[in-house]
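Chains here go by letter, A, B, C and D, matching the order in which they are written, and residues are numbered from 1 within each.
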Amino acid sequence: MKEYLFKLTEKVRDYECDLQGVVNNANYQHYMEHTRHEFLESLGENFGDMHDNGLDAFVSRVEISYKTSLRSGDHYISCLNMYKKGVKLAFEQDIYRKSDGALAAKGTVESVLVENGKLTRGEYFDEIIKRMNIK
Amino acid sequence: MKEYLFKLTEKVRDYECDLQGVVNNANYQHYMEHTRHEFLESLGENFGDMHDNGLDAFVSRVEISYKTSLRSGDHYISCLNMYKKGVKLAFEQDIYRKSDGALAAKGTVESVLVENGKLTRGEYFDEIIKRMNIK
Amino acid sequence: MKEYLFKLTEKVRDYECDLQGVVNNANYQHYMEHTRHEFLESLGENFGDMHDNGLDAFVSRVEISYKTSLRSGDHYISCLNMYKKGVKLAFEQDIYRKSDGALAAKGTVESVLVENGKLTRGEYFDEIIKRMNIK
Amino acid sequence: MKEYLFKLTEKVRDYECDLQGVVNNANYQHYMEHTRHEFLESLGENFGDMHDNGLDAFVSRVEISYKTSLRSGDHYISCLNMYKKGVKLAFEQDIYRKSDGALAAKGTVESVLVENGKLTRGEYFDEIIKRMNIK
């Protein structure tokens, strides 16, 4: 497994599986969102508080390749790297099946930051990145 | 089918089915919520606007009996009746499979109204009920 | 907190919150389902495997009282007790906010066991209960 | 609006909105899945039946650009075009807000067909395309 900035281990919940008996595609996007928000919490931020303070990160683009289907009973490790891409924040997000390390899904997620309804130049992200480097 | 105040016909979405090949139990609660909110819209209200205006209906109790499982391809008719129960608003919510009229789920949902964080005596519900009677 | 047979600590995922900024009601049913299935796993069973072997537990009735809304950032402890009720298996399921022990939701869930399409007398549940007593 | 092979008009359900008050990103993937499956039904196929017959379409890649957030009360028109891309079936999927025709999300979804666990060369898709041309 490559190096990642942040990792989260979770277990498939059966209601996340669809009639094909595997985790429904849209749920990987949920896994990735939860991982980004937990990463944020690891830096002392909370997504709900940010929203209450007029600061909203919105996903502008998602790209996911599906490799191996996760199933009932599987644990997975959801990993991320992050970098600035102009005013956007880009996340590399890979999800592995824990039992054998198989790559389940591989994604790129780009988000922009909106403050009180206005698109920002991502200054807030710059601070997050600074904070990470200090840690 | 008995008489109802409001009916909504929808189709099962395949991602709502779980690994048992039937609509996951929690989704019937989603169906019932959507039906209540569409009923509200039929009376000229919108749940999101209400929230923005400091008015939130919160579900305090739900009771659902599951009778016949809905499956991929099924249409269903989601029906409701409504009455005041003290300060609460109570909804009788029945969901039928459209093809043969089989009862899929039968529920009772009670909700309270909170205005700017304070529990109300449900005056807002009284107005809704008045409006219905006039119609 | 009362005594429970099984407890699971999890964290609210932000996508589980709705436009009111709190965990959507239907998601508590998801939390309860996941807790039952994890309890099953603690006894050496897997829900997906059971289904593949022709054995399906179906929820026949759910009753949930909502007490305190869970929010972004909250951890919760999802607890269960279980007993036989005729051919049914009944679960008492309480969910507490971890930070202060406030009761978030209190539920009763009844399920029946269907084997290759036929309703059973719950013999399978008897075995589960026996196994628990031995542990 | 450009020309599309298939269109579906639906309404945002409030539980699909998250704490930011807009439809959660993952739900657009649900909207797109439901649109593909309804398209399939318009051609006389059902996704659940296909699965029961040992035929599963799996999404291999998704790319979505988010343009305008859908909100409580919004109707949307979910549109698709489809073409063969090697053994894959590629869907262009655009979702518009109905009120003003604003593009809400723009996606590309690629899927492969697996028959009794084996990757096919997509012969089944060829038949679907033939059927469409006749119609």
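Note that in this section contacts are C-beta pairs under 8 Å (C-beta built on N, C-alpha and C of every residue); 3 or more make two chains touch, one makes a residue touch a chain.
Because the structure is predicted, anything quoted here is derived from the model rather than measured.
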{"item": "Smallest number of contact steps required from subunit B to reach subunit D", "value": "1"}
{"item": "Reference subunit B; chain at largest CA-centroid distance", "value": "A"}
{"item": "CA centroid of subunit C to CA centroid of subunit D, Å", "value": "33"}
{"item": "Intercentroid distance (Cα basis), subunit C paired with subunit B, Å", "value": "23"}
{"item": "Subunit A: positions in contact with at least two other chains", "value": "14-15, 17, 19, 21, 24, 26, 30, 33, 47-48, 51, 72"}
{"item": "In the complex, subunit D residues that touch subunit A", "value": "19-20, 24-27, 29-30, 33, 47-48, 51, 56, 58-66, 69"}
{"item": "Residue numbers on subunit A that touch subunit B, as the complex places them", "value": "14-15, 17-19, 21, 24, 26, 72"}
{"item": "Parts of subunit C lying in touch with subunit A, wherever the complex brings them together", "value": "11, 13-15, 17, 21, 30, 33-34, 37-38, 41, 46-49, 51-52, 71-73"}
